[in-house]
Amino acid sequence: MSDRFERGLAAIDRLAADHAAIFDPVADIAPDLSRYVAEFAFGDLYTRPGLEPPHRQLLTIAALAALGDVRPQLKFHVAGALNLGVEPATIVETLLHCLAYVGFPRTVNAVGAVREVFAARGLLPVGDQRPTA
Amino acid sequence: MSDRFERGLAAIDRLAADHAAIFDPVADIAPDLSRYVAEFAFGDLYTRPGLEPPHRQLLTIAALAALGDVRPQLKFHVAGALNLGVEPATIVETLLHCLAYVGFPRTVNAVGAVREVFAARGLLPVGDQRPTA
Amino acid sequence: MSDRFERGLAAIDRLAADHAAIFDPVADIAPDLSRYVAEFAFGDLYTRPGLEPPHRQLLTIAALAALGDVRPQLKFHVAGALNLGVEPATIVETLLHCLAYVGFPRTVNAVGAVREVFAARGLLPVGDQRPTA
Amino acid sequence: MSDRFERGLAAIDRLAADHAAIFDPVADIAPDLSRYVAEFAFGDLYTRPGLEPPHRQLLTIAALAALGDVRPQLKFHVAGALNLGVEPATIVETLLHCLAYVGFPRTVNAVGAVREVFAARGLLPVGDQRPTA
Amino acid sequence: MSDRFERGLAAIDRLAADHAAIFDPVADIAPDLSRYVAEFAFGDLYTRPGLEPPHRQLLTIAALAALGDVRPQLKFHVAGALNLGVEPATIVETLLHCLAYVGFPRTVNAVGAVREVFAARGLLPVGDQRPTA
Amino acid sequence: MSDRFERGLAAIDRLAADHAAIFDPVADIAPDLSRYVAEFAFGDLYTRPGLEPPHRQLLTIAALAALGDVRPQLKFHVAGALNLGVEPATIVETLLHCLAYVGFPRTVNAVGAVREVFAARGLLPVGDQRPTA
């Protein structure tokens, strides 16, 4: 294993309870894909200095919401954000902030995906100190 | 409730048997999102003069088909179009018209979503007066 | 020339002052592409019964705005809509209607493309009978 | 039936065990859509000279992976590639090649779709002669 | 002018030297569009509590990079980030973080757009304390 | 320089007359981005066994055409395909094959980008042995 791989694996482990969710589904078909996830996406990119991990997670969530058709990855990274200590309301706020760029349909679907993660962890309802207009 | 909210709610109610489908799924996580749906998407935009509601629905269906990954919203607005009196064949025709721009895969998937709405209402087969080549 | 081709060419000619804008740019590299435009996009799809040509144009504009990166085609079809007698304000209204789905950035860019077509025809400012809030 | 239709149907039959997967789902709602699939997508485009059918399949897989939200079509064409004799590892390799353009989330989801097709045919694990870094 | 409009205008003014860049281009064709930008995108969304303005800008940049075809908006919001005191290197870091999701082509083009903003302000070269491998 | 970097650089040099087109535009803003292009996109992915370089180029072209808003990258890779000995007609054929998935507008724009590369090399008109219907 390269240094990049080990560094990426450590980053995944800080994010997820278990990195099996990334490695197992492709182990018998494209093991190199999860190797690249560890080496490049996490080992090269995620561990760069210059941005705090919680902010990185929110940037990821913004980008995934804009892509629109990547629900499993969105759920993985929302769980990762929670594991890093990001407040549920901050994750929701991130999606509401992006609403103007992403549009309503993809935002509604992204919120639905986030809700599944929150529900599984007993985090609903999300405390909301926001004005109700 | 603002005037915009009430105006939007009335627009939703003309479209859907029940606006709960929009409000309930986000009530415990992002109530502001459904408020924006009512105030902005429906209260500001949908109720503008200059286009008839049935035409607005077909424009929505064209845009959602092009986005491609927003099946729940497509089904909601197809049901809305039927509720406004749009003929099933006109909805199908809208998707066929957009085929050249949207491509076959997304169009086939959009037709599949529309078919689910039609099937639930007993509207199949769609009467087709079109030439068969 | 097939019937489909001639039927499509006639449809293009009703839409555009001149179909050279479609045929010339690809004549020395992919003439079959413009043949398919004529035969399939216009001969098969555009000339189907069930939707009026002006409405077809607005559906096209909605789909192209949602795609987002097809400015030349958007301008071609906006010009086509004007040639079919669609009011400038109705074209703008179509883009504003789709704003909730398409998002602000792509809508702003689509309006900018439409503005170029209107400016070249001396159609600015667009008469606006809409409420200003 | 036109020549284009018959030519397209023959192309589909070389690709799929059964063309019912294309025709049946839209038979009672948009039969013209499957007619266009046969006539245009397969009769006009797929049967053109200049590219071998296995390469055409891989190009299709690359394009569908980039579109990202067209899982049923991706699975259909992966099955088609296998039916044409393409090696499972070559299909995986195609997705890995496109990773830099398509991004990780859509690639991971595409590999997941491909895996379902391979699993149903008992093709797992995919023999992998590739270096492990 | 509504409170929402004034609140949005103030938010735009904190971001941009001059809000004319938003209002002027659509003034003679779709003034309601810039009103919605001010009222909704900035007045409703941007001014919500729960995220600091510099972080909001970086989320916007992530979402716009993922959309891919919205260069003018990306440049506007990069300039806005600088005006809010975000370090140039942090903006670049945001795009590099999103590379795994957005892919190389759109990231390279986004960096090119950012570079134009930086060049116009004499901010090149970007100080880079990052490891060089 | 790592082995991955050198291997990637060699791959770029086989593709392009000069790798400066990749490195220079980001040298003063995001040098790590071009490092990742060399190390990951080319060093890791492009040099994998299992697909011939000319086929890799055509897969790239298919994916980029589907992404739709990445004209500079499309032109770079079309030039690369020519440098690898791919026939101009095969490149055009690749885009026509993807037309059913990508749709007409993005295909027409992709062909326009390809045409610019061909024109700069004096490769027009493209010899076309294809049937004209």
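Structural remarks
Labels for the chains are A, B, C, D, E and F, by order of writing; each one numbers its residues from 1.
Here is the rule we use: a residue touches a chain if its C-beta (ideal position, glycine included) is under 8 Å from a C-beta of that chain, and two chains touch if they have at least 3 such contacts.
Just so it is clear, the structure is predicted and the values come from calculations on it, not from any experiment.
Any chain touching chain B that also touches chain D appears here: A, C, E, F.
Shared contact partners of chain C and chain E, listed by label: A, B, D, F. Using the average of C-alpha coordinates as each chain's centre, B ends up farthest from chain F. Ranked by separation of Cα centres from chain C, the top chain is A. The interface at B-D recurs elsewhere; of B-C, A-F or C-E, the pair that shares more than half of its residue-numbered contact pairs is C-E. Interface comparison, D-E versus A-E: the higher count of C-beta contacts falls to A-E. Two copies of one chain, chain A and chain C, touch each other, and the residues they use overlap strongly: the shared fraction of interface numbers exceeds half.
We define each chain's centre as the mean of its Cα atoms; on that basis chain E and chain F are separated by 30 Å. One finds 22 Å separating the Cα centroids of chain D and chain F. Residue numbers of chain E whose C-beta contacts span two or more other chains: 32, 36, 40-41, 48, 64, 67-70, 73, 96, 99-105, 130.
Here chain A touches chain E in the complex through residues 40-41, 45-46, 48-51, 55-56, 58-60, 62-67, 70, 73, 89-90, 93-94, 96-102, 129-130, going by the rule given at the top. Put simply, chain A touches chain F in their complex at residues 32, 36, 40, 44, 48.
Only residues 100-105 of chain E touch chain D when the two sit together in their complex. Touching chain D in their complex are the following residues of chain A: 2, 5, 25-33, 35-37, 39, 41, 64, 67-70, 72-73. On the side of chain B, the complex with chain D involves touching residues 68-69, 92, 95-96, 99, 103-109, 111-112, 114-115, 118, 124-126, 128, 130, 132-133.
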